[in-house]
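Each of the two complexes below includes chain A, the first together with chain B, the second together with chain C.
Moving on, here comes the complex of A and B:
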């Protein structure tokens, strides 16, 4: 635990900043935040303007690269209608089912493997063999066994996300502080109680990171399955737009997919901040 | 109340492995404040782990009220040196104090009352909702002491609890501990490497040599209540201090 995180003086009295100095500091922080946002926004606007200009002037062939304003206009039209949301729902359905399946399997397995050195050694070779297999390489097999519907999508998502979840859980359980475990033992907590009171909360930040990584991978796999095997969803819609020559629509759907990924990451980050506020990586301005 | 008989602890099964604790025997009376003094690496922590039932002894035994200690006893609390790791960062101060109580069979109301009383006793009555990492080192160790007290132990084992706080905080914590000891009538076994601290706190000081075995016993007949200035000014304090210092130096020269 870093001393720098403790806003206290040595004698145990919280160091209260003088009110005026505090307000000044807060004001400076706000100005800093606004400045950061202005810079970020400027970067985005410059990029979009450059693309727009390149398309309008013909520097990029307009046939394949329509102006970004048209893409976003198309997207705006989609957002107010139902069909886009149906596709988003289908993609998210595969994403969620696969992620849930992987979590239900990987987290308990990781707990077991993290807690038992013997179990870890036992399955390690099998894991090292299976883990590097790219999920997309399993598409032909999955189509053969499960067909071209939701099941294949769920299987691919689950396979790909199982590994980061498994390993994050194993690391989390292995990283439990022995002093914390000894403390619980010295107060007579049995193995099960220690697991609930110490191991699980200690491993939670690792599992949360695993979920956030897995969520991004799950979206990639869900869209890939839709693109490659034509399972219904955003990926399939992109293919349909492309083959129908609706290039602007295709771009609008690609942008929608990107925004979906961004939104999912934001949701997971926010959940982590809330639930793991006690963790050193999430603690902010504890004294204020 | 606590009897340690020919305690021996060897890590590993190697025939040449050196023992961390060898033929350690002593007794602690009910209500006594015993300090165990030894230089670092003499097996103090291993000894405490055996005493507290956290680690099994290789041979010999530890008896608490005549019953062999085979696991952590219900009327014993352990205060670790590393308070920042012993307190659980996801629990508030109050939860940190209360969680062992629920597992000991306290009702929610009893646990809350015991928690409030213990936090009050260590001067942290208003801090229950804080998180340990928001507090200074000295305050964190006070939370750990409150947790140990709330557990209603008859004996408190403390492993160099004040070794990592500054001198001023350390003196405050020593006085706090003496007040708690007098008020709750608990027996304390306090491990330290600091001679002044041992003499200031204890009824009796045991000097350990490596591997942990008792080499010297000093009875501390200084008047109570003790005070940082008054007690440390006494000629008897200085006498005990040099007696223990020379004993420790002899051990080091022999090692």
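Moving on, here comes the complex of A and C:
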């Protein structure tokens, strides 16, 4: 779904050859890019000004929704201090540990289930039943068994991100071109070599997409765990600010959380593009 | 007969084995956190048939459907507009990207401030969390409509609303449904979380309260309800999708292996 907005910026799209009047075209493309940025900036400014006005005129109650300039001033103050980064680090710690655990479990399992039809059919009913279970339903159980600390956060993140990673890997392995496998076999490549040379590279884009989806889900679950059970991190800081009446601080922290999510997504998209640029642009997202 | 039964038995082998093993283990384990399966089943029956259904499940479902429904309408409408008007799409992109990346549960305190613990706050939160996948997929779907088809319709003087209804929407349909499916699972998560943080009823509220009161079998029965709810809604959604996109099924290829 994030492709929606990516390809209109023209990133990663190879430049069309322009043998005649190359300079003119390049100039036009450059002007087009500047125009795009101007429009984007205008969109942001209009949105922020509208919110600022709504708060200053009282269309949105000011004590509940302060002007955005105040929120960003607060955020600017937070960014230069250490406490914000400590909270960001705690949230990212749960995010990373859970994502890593899910990857270590889901990718090999997905490889096995994708390669073996028998294994897939044996566990199909179990995974079809477990996948739609909302991960947050397990919060109370996790609190009982694992407490309210990092372990619960990691468990919830890992449970929620296991499924997209598993299914992307299964689809990736199932989608390997049989002609490529047969060719490798007729050239005398063994099972292990075929796996390394054919299956893994062609499944890689699916796994990368799975990782990008999983990274967003992982952040949601990490913040949720902090909000609901009070594990330390950004979510808990937001709740503390709200219950302490520090409304501007609360909004600054919410904005910081959003920027964190945005940055994570940008990093994963960029890594995906860079590492898998050789792959035909068929990185479709299998059902989540 | 055996030939038709064998695959079904094969698929049921592992689930039944897991259930039996868990049932046997929990019956003799005497664990506080993992009560016997029979006790969970009894609690499920006592709590959720009639009383719990009316007091907790119905309010939860109401909020879920209200928020999700509003998201579908808003997301598709805005997606159609943004998909067709390029400058609006470019201008809205950074804001949409930011709001989509913002983990929706972080907005719970915001919804609490604006709406208190009323239902409207939970519906608002569900909309804020679920509208983006639908919106972005609709934009993508609209942009993927074949220009030739539109030109053809234009030269046949097919009016604008008919072009929208007969060409753009069907062409964008598969993407819209993909977004709706993603949003459905987000909607369930947000329903549960918002009920856990601030509510007087609902399945999420029930589960968390049971845990705080150390009423473990009740808690388990609530978790089972949420699991069954997630499974059922997903299943209903796939049925619904099959009905609308029956003409598109052939091109799904591999993806159809996991949907029946």
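As a working rule, the second predicted complex is superposed on the first by the 261 of 288 C-alpha atoms of A that agree within 3 Å, B and C clash if a C-alpha of one lies under 4 Å from a C-alpha of the other, contacts with A are read in each partner's own complex, and residues count from 1 in each chain.
Everything that follows uses one rule, which is that a residue touches a chain if its C-beta (ideal position, glycine included) is under 8 Å from a C-beta of that chain, and two chains touch if they have at least 3 such contacts.
Model, not experiment: these values are computed from the prediction.
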Contacts of A:249 with chain B and chain C, given as first, second, both or neither: neither
Contacts of A:198 with chain B and chain C, given as first, second, both or neither: first
First (chain B), second (chain C), both or neither touched by A:179: first
Which of chain B and chain C A:227 touches, first, second, both or neither: second
Which of chain B and chain C A:124 touches, first, second, both or neither: second
First, second, both or neither for A:150, with chain B first and chain C second: neither
Per-residue touch tally on chain A - higher for chain B or for chain C: C
First (chain B), second (chain C), both or neither touched by A:97: neither
Intersection of chain A interface sets (partners chain B, chain C): 1, 5, 8, 286-287
Chain A to chain C touching residues, read off their complex: 1-5, 8, 36, 39-40, 42-44, 46-47, 64-65, 121-126, 128-130, 132-141, 143-145, 167, 171, 174-175, 216, 219-220, 223-224, 227-228, 234-235, 238-239, 241-242, 247, 250-251, 254, 257-259, 261-262, 264-265, 285-288
Chain B residues touching chain A - in the complex, by the definition given at the top: 52-54, 71-72, 74, 76-78, 80, 82, 84-86, 88-90, 99-100, 103-104, 131, 133-139, 151, 166, 168-169
For the chain C and chain A complex, residues of the former touching the latter: 7, 10-15, 18, 33, 86-87, 89-110, 112-114, 132-133, 136-137, 139-140, 143, 178-179, 181-182, 185, 188-189, 192-193, 196-197, 204, 207-208, 210-211, 216, 219-220, 222-223, 226-227, 229-231, 233-234, 254-255, 257-259
Complex contact set, residues of chain A against chain B: 1, 5-12, 177, 179-180, 182-189, 193, 197-198, 201, 204, 276, 278-280, 283, 286-287
